[in-house]
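Accompanying notes for the structure given below.
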Amino acid sequence: MTHTFINQIEAGQAIDDIFLVKEPILRSTTRGDLYIAMYLCDRTGQLNGRMWQATEAIYNALPKPGFVHIQGRSEIYQNNLQIIINNISIVDTSKVCLDDFLPRTEKDTEKLFKEVKDILSRIKNSQLKALVDEFLADDELMKKFKTAPAAIKLHHNYLGGLLEHTHNTLNVALAVLPFYPQVQQELVLAAIFLHDIGKTEELTYDMSFSYTNTGQLLGHIAQALLMIKQKAGRLEAKGKKIEENIMDSLNHIILSHHGRYEFGSPKLPATPEAFLVNYIDDLDAKLYQVTTAIDNESSDSDWTSWQKALETRLYRKRIEQ
Amino acid sequence: MTHTFINQIEAGQAIDDIFLVKEPILRSTTRGDLYIAMYLCDRTGQLNGRMWQATEAIYNALPKPGFVHIQGRSEIYQNNLQIIINNISIVDTSKVCLDDFLPRTEKDTEKLFKEVKDILSRIKNSQLKALVDEFLADDELMKKFKTAPAAIKLHHNYLGGLLEHTHNTLNVALAVLPFYPQVQQELVLAAIFLHDIGKTEELTYDMSFSYTNTGQLLGHIAQALLMIKQKAGRLEAKGKKIEENIMDSLNHIILSHHGRYEFGSPKLPATPEAFLVNYIDDLDAKLYQVTTAIDNESSDSDWTSWQKALETRLYRKRIEQ
Amino acid sequence: MTHTFINQIEAGQAIDDIFLVKEPILRSTTRGDLYIAMYLCDRTGQLNGRMWQATEAIYNALPKPGFVHIQGRSEIYQNNLQIIINNISIVDTSKVCLDDFLPRTEKDTEKLFKEVKDILSRIKNSQLKALVDEFLADDELMKKFKTAPAAIKLHHNYLGGLLEHTHNTLNVALAVLPFYPQVQQELVLAAIFLHDIGKTEELTYDMSFSYTNTGQLLGHIAQALLMIKQKAGRLEAKGKKIEENIMDSLNHIILSHHGRYEFGSPKLPATPEAFLVNYIDDLDAKLYQVTTAIDNESSDSDWTSWQKALETRLYRKRIEQ
Amino acid sequence: MTHTFINQIEAGQAIDDIFLVKEPILRSTTRGDLYIAMYLCDRTGQLNGRMWQATEAIYNALPKPGFVHIQGRSEIYQNNLQIIINNISIVDTSKVCLDDFLPRTEKDTEKLFKEVKDILSRIKNSQLKALVDEFLADDELMKKFKTAPAAIKLHHNYLGGLLEHTHNTLNVALAVLPFYPQVQQELVLAAIFLHDIGKTEELTYDMSFSYTNTGQLLGHIAQALLMIKQKAGRLEAKGKKIEENIMDSLNHIILSHHGRYEFGSPKLPATPEAFLVNYIDDLDAKLYQVTTAIDNESSDSDWTSWQKALETRLYRKRIEQ
Amino acid sequence: MTHTFINQIEAGQAIDDIFLVKEPILRSTTRGDLYIAMYLCDRTGQLNGRMWQATEAIYNALPKPGFVHIQGRSEIYQNNLQIIINNISIVDTSKVCLDDFLPRTEKDTEKLFKEVKDILSRIKNSQLKALVDEFLADDELMKKFKTAPAAIKLHHNYLGGLLEHTHNTLNVALAVLPFYPQVQQELVLAAIFLHDIGKTEELTYDMSFSYTNTGQLLGHIAQALLMIKQKAGRLEAKGKKIEENIMDSLNHIILSHHGRYEFGSPKLPATPEAFLVNYIDDLDAKLYQVTTAIDNESSDSDWTSWQKALETRLYRKRIEQ
Amino acid sequence: MTHTFINQIEAGQAIDDIFLVKEPILRSTTRGDLYIAMYLCDRTGQLNGRMWQATEAIYNALPKPGFVHIQGRSEIYQNNLQIIINNISIVDTSKVCLDDFLPRTEKDTEKLFKEVKDILSRIKNSQLKALVDEFLADDELMKKFKTAPAAIKLHHNYLGGLLEHTHNTLNVALAVLPFYPQVQQELVLAAIFLHDIGKTEELTYDMSFSYTNTGQLLGHIAQALLMIKQKAGRLEAKGKKIEENIMDSLNHIILSHHGRYEFGSPKLPATPEAFLVNYIDDLDAKLYQVTTAIDNESSDSDWTSWQKALETRLYRKRIEQ
């Protein structure tokens, strides 16, 4: 069954489709009849849903959140589209095409991942190489690495976004490094590969994008350090101890890659490599934000709406055709 | 041999004693003769030392820094006391009474440590208890815990300072907790025990107080998380896995215990326990700073000199006798 | 007549009860008929009220704000409960049970006040004691002290909140002081007793919580200084002059107890006592905020909603049962 | 006896003059002889003084600080001028021409004060007038008002500076008020008269400029409020109570006249009068600083040295002749 | 035809008038009928307009924004007034009385402009005078100077506001300058005349107030410098070169007149003239904001609503009648 | 004559060489003899110079600053090397090898400049190209462009530094642009070429590095805009007007290229090109600072001294050989 996306539904249309239900609430009308209010969502947006003549049993059975099959009709209420639900039944996640519900990169993630591995193969230092390989060999983690978004809102906020952002920053680093020969290339490559690896555990991205408890309590920077320690521990158990200076230099880049205390870095950059990674990471995130805001502006204006995180509106007019 | 402390040396005195030598430099006089300038230190201060008629061999043999036996004489030069060195010989650290060279708590550290253990024995939660016991059972680490200072400059900056600060904050927590029954006591006690444990590795304190490379690159907050992960890993290897919620709650307190991003905490307090530990830690450090500055003021003024970190001078006059 | 609280009213219910009316407005319908829109409030919340077929005379007679007796009916309008008013009459404040309209501490304020006095009886310094006793002997002020909230929004924002906050901070101070023997206990106790005394005049709390003109123009810190000066003036008139050093030391603690310029303290703490009072006051206020936000969270989430003043959401999951 | 000013003393000159002695210290030479090091000051600067062959008795008798009669000789030591003292005797302050030791306004303070009173005579509001008159009638306070500096360092830092600054800001206010007819003139005039009155008690200015204990603990803003309360209390005792709105409006201007929390104002301006006084006060202080720095620059450069408080150097070249 | 202002329209009234239409949108009802939603505006406010039974052709013909003649009826919908449109036709801007649509100063702009020129005639320095005259002789620019608002929102935000603000600050400068004889008067007058001249090009003010593209990309400070350079270029072409020191001194005042980096000044004031212009400009803008907020407060409260830019509410009660 | 550099002079050496003299002062000894104190400088450092038995005539003839021929001898005085001058004579700047006195890039500036022109030849947009060519055709300006330093202190602070920094950032931009196809390449290249062009006029770099008056009053950002306006004016005079959108887009990048208000940008980046230029400029400057500080550290420590602008010390230990 092809999914009809929420941003394509018009008023007065019959609905027979799967949606993600969020925050259902059981209420009673003035006359005492029970009804359920809820949000029905897919990756293009969300609508209010109303099921009149509901029962407590129906309400209790609903996932909060989860996937449901809805039969009903769309209508305009107070200038907004809503969906009147006649029938609702629960759908197992395994039967759902998740791509309909979560935005996903348009790029080929297997190709991106292969290119990431190719770039990382330039690392010859045996200890750094062993550490990077230990990560690459963790299939479960690499699956998450290929799936996770890079953020909930600000940049690359779609499935595969983490990989895409990592891939892009690795390429930018390779392009820039020749102009700064004193910067240690292998350390930069390993650090970029791992700088946001903690996001695989900081975020959830199975039904919608949010933070895990651990993610919110520790943050992806601290989580990355703990993940690296675990991999290093396994290497040590195999007789391959990574020397302290390498561990410190790598961990320092990750700790400081946000560049400023108020952005959650407990240490400021103190090595050339840490500065380079901080700038390239920030550049890639900001250019994503800026160009996406320009592309997505719905009005015809020469300017986007106010971008709070950037403290400005953005100018959309080009000089080149 | 009893050490004559630097703050007791007067002009014109014969010197035959052990000092810590720092930053020796070989120079030549206008006439081309070589001499060595250096600092001679103990825990009460430092003086300039000058060895005229020196040789490159003597210079090369000097530890930088390290302990030396000095024979010579004190004199006033340009209003400052300095020491003219006739003979200098290297002294093995093992033969030195370190207490003469590094300030040390006046309290009985074994007694303090026993009281810390007594307080920690209130922890009944089996997982938290296992984790705390794993730390207490690490003799080498506990030796460092009893020896390390709590900081290089700001507070409890002497051998045993970390233990004294931990002991004091544990006691304050015990006194305050009854007034906040919703705060989880055992979590607070474990977190206070471990909140500065990273300082055992962040700082060096064998000859003088400074930062290790790892300490400066990572900081004691990140180091504490890695140390806890290691202990938890050992427990897991013994079949005693600590559940995620306990690890997260404890790690969060440690990450956020500086209370503000600009003080190096990558996360702000988000649990009652994290708030309590942040306040008690800060209170203990600040009251140490304030009362020490008041006690140590050398003038008779009602006010101390300007305290940069506190953005004020401190008032020394009391209303009580 | 027992008051039915607003958070217990359901749709379609007959209403015959007293409410606090706020912000009544006279409007006309499309057909030119007059009606009055208003808020009807008690301590559990507020609802829209609508009186159709109103007259200008009815409107003019309404208190703005004040207490009214309402007869009418509840109904749902646009998904929200509102009250249709058939009859409205003014009620004298003296006949109203104020506890129904303003939240109030659940503790026994007379008991708390007695304990406060017991703690203050530890003050032996004759001048401090005279000053504290002068406050305690001011029955009118002490009545306000027992009634006032500690704040409009952030913490202890209910009748009796000022007393409860003062009681709690006095107890915490008593518990903590033994660990800091250099801190002058009697000065701390007197200062905590008086640190927020200005709130008795900064806030109004007869019908709802808001600021007085004086409170908004001067703030409770400046008001406290003026109140202390007045009491000291009376003591001086009785031949009991308080010496300058005591007045200054006490006033300084009050001026600096918010700890930072941007929180409205014109002076930063410059005595051990000022630091201690600042920390204990802040700790008590923050732990109230944190534990209350955790308790009051209406969702089942592990996290509260975003707490703007704390710049974080709060984690609600405990490790202890 | 005419005083030879310190900035006119040359090397090799016989000295027989009165100086302010500061921070005398008793020291011993290499050979064990006692000598006294001290600063000798007047309003043009300070020099090191050395009295060889001193005794403990001489040292103990010295004021710390205070005036002394010195007989000796000037010499160059290590590129700096110093004074070798042969004889030192204490001089009573009453016999000293204070103008030699503290900088003083070049204006006629009696004339300035008369003009201030003339301007204040425009206040017709009976209560404001009564309050202002109560201050004007306090001869002791008015004597201080005419003598105090306006600050220790930043602006009008000389005897009479407070009066000069107050006089100037009153005149500027009179000139500006016609363009802002909604601003209440009488309130502005009274507030400017009193805005820095607390400086009479915040600062000491008998031998040198510094802070009193009360001044440092409370600050001139809080002190002004207490002084106004005292005057209002006396008026009330005479049956002339000042109404609350007037007291609040006046006090608010004083509390907020520094304009920003970080400059020590616990309240931000919230009335047109408070804004006007804040701007005029700041303008007068800043223009004093700027023009004085430009005038006093000792080099021939087009630019002054770096002005830390202004975060810039100042340009000295004019376009007009 | 006299315009009936939006703030005078009542429910149930026939409408036959010109309005400014903004943001028209074509929508379809539940039944599939097309309608147009839009805002109808004049200088007193805006209302929702609804045209049922609309066509795509009507929608396409509408200006976005622009002036239209509306025939229809007012009604209350969901407690808000809206206008039901029966007929809509486009009106040429030339036939519209713009004063009905944009707020305008109540002062006589020709009289203000003449007074500005009178004040500027005090400038005798031949180069400054030539530059100022070059601006005054540019009729097209002077027309804009008399028409432009001084800002979109914060102060003098109405046609003629720029002239009124410039006129007022020139007068305040003239009143204040005598008290600061070191400040170069002619430079101050020229700088005030030109300090906001860039606003003639930074803002649009033909149908509503907003920013031009250039204005948003460069800002009126940089624009002013470019305009001055252009005028100076023309003078140079006429053989009247302005010397560098005069250009720099004038440009510096304009660059620094916002006084702080975060307010968009790339340089901080570094001359007495720059400080004076900064203070007078800020004073005039702030007093406009403050007194306007006090006058426009719609409630009877002693306080205005919260003023975000001033971080306070404003007190409205006066002490004078 | 080969110059002996200051950092190679040893004590007791005969001196017969050219130096830059700075800040000469005429003083008199205790015995009343005149002498001149001065600094003698070259690009490796500065020493104190002393000319005993000087006359006022010699002093008056000295350049302040300028080049002089010195004959004399080096000696140690108070542990510092100084030069005793027997003969001093003025040297014309034209006869001086400036490279001895000002540090200079080690790169071939003609080659760098050719590569810059090659990169700029990629600009095909006829208007941008015309503007860039107008700059390239200004031989006098291009000579300065090849000579100027990029800054006085922080980065590329040597002759040719501006060109080297511009060359490097152009190359980095070319390397990075392919990964951000939405960013307009030609605009970026033109903007990078011109982003610091104002430094040719902001700084002086004939005898030492400092600011011009215009530079200090306006800053290189405003100066660049004025220079571009001048070139555009000349093009317009030739019938080649640059359209507003291109001028605005280019000027905006220059205005915002410091990225933050507090760094002197009056506008924040609002186009993708502005973000890219800001990041690349900052990256190049910071990596210069960081790697230079690491290379120049004189001690053997693993860490550099504290870097104030970076708020950290820098780690010097590498993981690669």
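Every chain is named by a letter (A, B, C, D, E and F) in the order it is written, and numbering of its residues begins at 1.
To be clear about the criterion, contacts are C-beta pairs under 8 Å (C-beta built on N, C-alpha and C of every residue); 3 or more make two chains touch, one makes a residue touch a chain.
For clarity, every value in this text was computed on a predicted model and none was experimentally measured.
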item: For chain A and chain C, chains touching each; value: B, E
item: Selected interface, C-D versus B-F, where C-beta contact pairs are more numerous; value: C-D
item: Euclidean distance of C-alpha centroids - chain B vs chain E, Å; value: 61
item: Rounded Å distance between chain E and chain F, as computed from the means of their C-alpha atoms; value: 42
item: Residues of chain A touching at least two other chains; value: 78, 213, 216-217, 245, 249, 252, 270, 313, 315, 317
item: Inter-chain touch pairs (all); value: A-B, A-C, A-E, A-F, B-C, B-D, B-F, C-D, C-E, D-E, D-F, E-F
item: Chain F-facing residues of chain D, complex; value: 10-12, 75-76, 78, 302-303, 313, 315, 317
item: Residue ranges of chain A in contact with chain F within the complex; value: 125, 128, 168, 171-172, 175-176, 178-180, 182-184, 186-187, 245-246, 249, 252, 268-272, 275-276, 279, 282-283, 286-287, 290-291, 294-295, 310-315, 317-320
item: Chain D-facing residues of chain F, complex; value: 28-32, 78, 213, 216-217
item: Interface residues, chain D side, partner chain C - complex; value: 213-214, 216-219, 221-222, 225-226, 229-230, 233, 244-245, 248-249, 251-252, 255, 261-267, 270
